[in-house]
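Heads up: the structure comes next, in structure tokens.
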């Protein structure tokens, strides 16, 4: 692991790190997060029995689109080609658990794209429930797993 | 408080709610969140003693710019004029606490803009520390306070 | 009706027309279009009986988001506040009929926003069906009705 | 040809399909569409004899820029590198016929980019003529030809 | 005139200044700049005698669209409604002189929008001539005149 | 060097040139520019002795983000992958000198990305100083050096 911040130079100035020498290759990142709200709100989000259930679909699609906007949002992220994005939402009890899986064949990892997908899906859920539960909270947004690249497989340590 | 999701119609279809009848007026929202990492990383982010300290500045600026991108990211959010955005970062112990305050004089509240500022600042911090601490987590992203509009002052209840 | 193109000056140069003197006020535009495909594809899009029916939801949401991107896409369009956007999809026979209704309280009409919502919803449907029916066609994208502004109500003449 | 929608999974949830295993290679797509208006309007658009003829140029440029915005607009489209974009406008009689040719050397086809170029050029024409002919209609937006990729050459069947 | 930078607070942190208390009203800004190249290149840009003269049109349109992107590009700029944008190009000798006039009825001045229109038009000209004259230079990008708002009329002093 | 504008065809119509046949490879471009203001303003920008110095950081970050937006701004630019971006600001006397270095491994040069980084950094500086010095001027925006691609090394001739 690095011992210095890679995104600032020795004087402290921000930079987009040069990745010219990194090899293209298959990479994957999985990130998760959870929107904590109430059981009533989760029931409204699921809309069981209604002909259209756009609430969760809206968050799924917003998450996928959010992954594509990562380099527009995170200043020092490289613009890269994304090979695939899946956003899964599991609504149970008073929580909606968000999981994003992002794949690339490009030169950098896609943790930031996966994290951005999770947060944009979470913001979208928040937007939809805020009139009913303004106190909803987006929690535990983090990377669970990375594959590919020079560092290979990384899984989240249990004590973090 | 509403008892139904306002962003979907009775059949469950998503829509951008008509706010033509809402009055323009001064509104404010404060949102917070926290990036949990390690003491070593927080020390690197603060860069005490270095001539340039762009790490925290990058996150502050990304948060401000993120607030402006809210309607691009959150599908059912109205595009509105923002009158002011402040993003404050407090780096202490192993945490960076993020606070965003957004003001408008337009027709809708700005909770989503404040929440988006917090999450984009948090994603940007994550991007900068990920080579040193890939297990960093963005937690407790939530609205603390709203002022203005028809509902007036709202502060987060202590039990949520 | 105008007898000259308003968006170019007397020498033919493009410009964003000055609307400083126009009054803000409630305006509405309704636009429609139709994706012509096959009965089999329409049946796949409706996904009757499946737990999630994201195909039509994706197009609805893309249309709503597309309305917000209008000034980014159409060079001489004014960036304006949108008060509400509804995109309705009716899948019957071999067609999906798209209707977008856009409202504003700003200084210009919202025909372009309604037309953009229809076309982006149509493009999104095309994207989803293209592996099954690459010959799908987006037809008859047009304004049906406008209300508000100096010209007041306009409805499409029957002979056009 | 596929028999299922590729952009939703077996439960119906939307996803950006994983193309990691597709080979990069030269691909091309040609799409067309037509703006139907009046002879008078077509004459105004052509501006014969005027020193500057920005009306058609504005639509051509908007179409080229629109092709680049495809992944921002169409939720499940991959962000890819475009190698070339040409938008041709033929104004004759009461119609403006739009043809877009898009090339890539990336992992996916570029039908959506070609269709987006056609529709954004068409929307831009509509914007310019709407004060003179609010009833103008964008018709017959469709793919005419694709080359490259696993499926190779595809041309539009005559009966569609 | 201010004696402190308004865009950073007393500790030096960047912020989007609160303009809630500013009054909406008609404002205008004129900015100019010049692309210095060669007489041969200016002649190519003007394309006298050719049926289509898209080179200068492309720069004009890019400048107008650039004005709309100002808050996306300049971190601390407010997103505001633009009421009108004109970009004028005068190609003479070895120079192309760019003039942008931007109008609003909103709460802030539009100098930055006018400057952004000039620079984006200038970048676009540079892009078009760079294969012929890679040494072209964009010079003297500056505000010439402002009207409206609390400070009223400002014209550039002759000694600057 | 070319003798015709590459970005318009023989009839004068704008196009995004086909680069399918160009080889990917390491390329670099360095561009510079200078914001001319006053000694007092330069001193305010440097904020020596203050805990946070976000003014210059804001311009650095805006420049980096601006490089990524180049294909959104410059109509005929190809969307390409950027491998690295550095923006350096040197504030001395009454000037702030801006230098941007951009790297890619893609199919086109990155002069436009470097020039866009310089101009967006310059616009951002202008935005921050405009309340103190509305007469500030962005000057001498130009390419200094290119490496890679078919043409190889190019350095700015001394007489331009």
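Chains here go by letter, A, B, C, D, E and F, matching the order in which they are written, and residues are numbered from 1 within each.
One rule holds for everything that comes next: a contact is a pair of C-beta atoms (placed from the backbone, for glycine too) under 8 Å apart; a residue touches a chain by one contact, two chains touch by 3 or more.
Not measured: the values here are computed from a predicted model.
Here A-F and D-E were compared by C-beta pairs in contact; the pair with more is A-F. Separating the centre of chain B from that of chain D, both taken as means of CA atoms, is a distance of 37 Å. Here the spacing of chain C and chain D, counted between their Cα centres, is 16 Å. Each chain gets one centre point, the mean of its Cα atoms, and the points for chain A and chain C are 30 Å apart. Listed for chain F are residues 13-14, 52-54, 57-58, 60-62, 65, 69, 72, 75-76, 81, each touching two or more other chains.
Inter-chain contacts occur between A-B, A-C, A-D, A-F, B-C, B-E, B-F, C-D, C-E, D-E, D-F, E-F. Residues 13-20, 71-72, 75-76, 78-81, 106-107 of chain B touch chain C in their complex. Across the complex, chain D meets chain E through its residues 52-54, 56-58, 60-62, 65. Here chain C touches chain D in the complex through residues 1-8, 11-14, 33, 44-45, 47, 50-55, 57-58, 61-62, 65-66, 69, 72-77, 111-112, 115-116, 119-120, 122-124, 126-143, 146, 154, 156-157, 160, going by the rule given at the top.
Of all residues in chain F, those touching chain A in their complex are 26, 57, 60-61, 64-65, 67-69, 81-88, 103-105.
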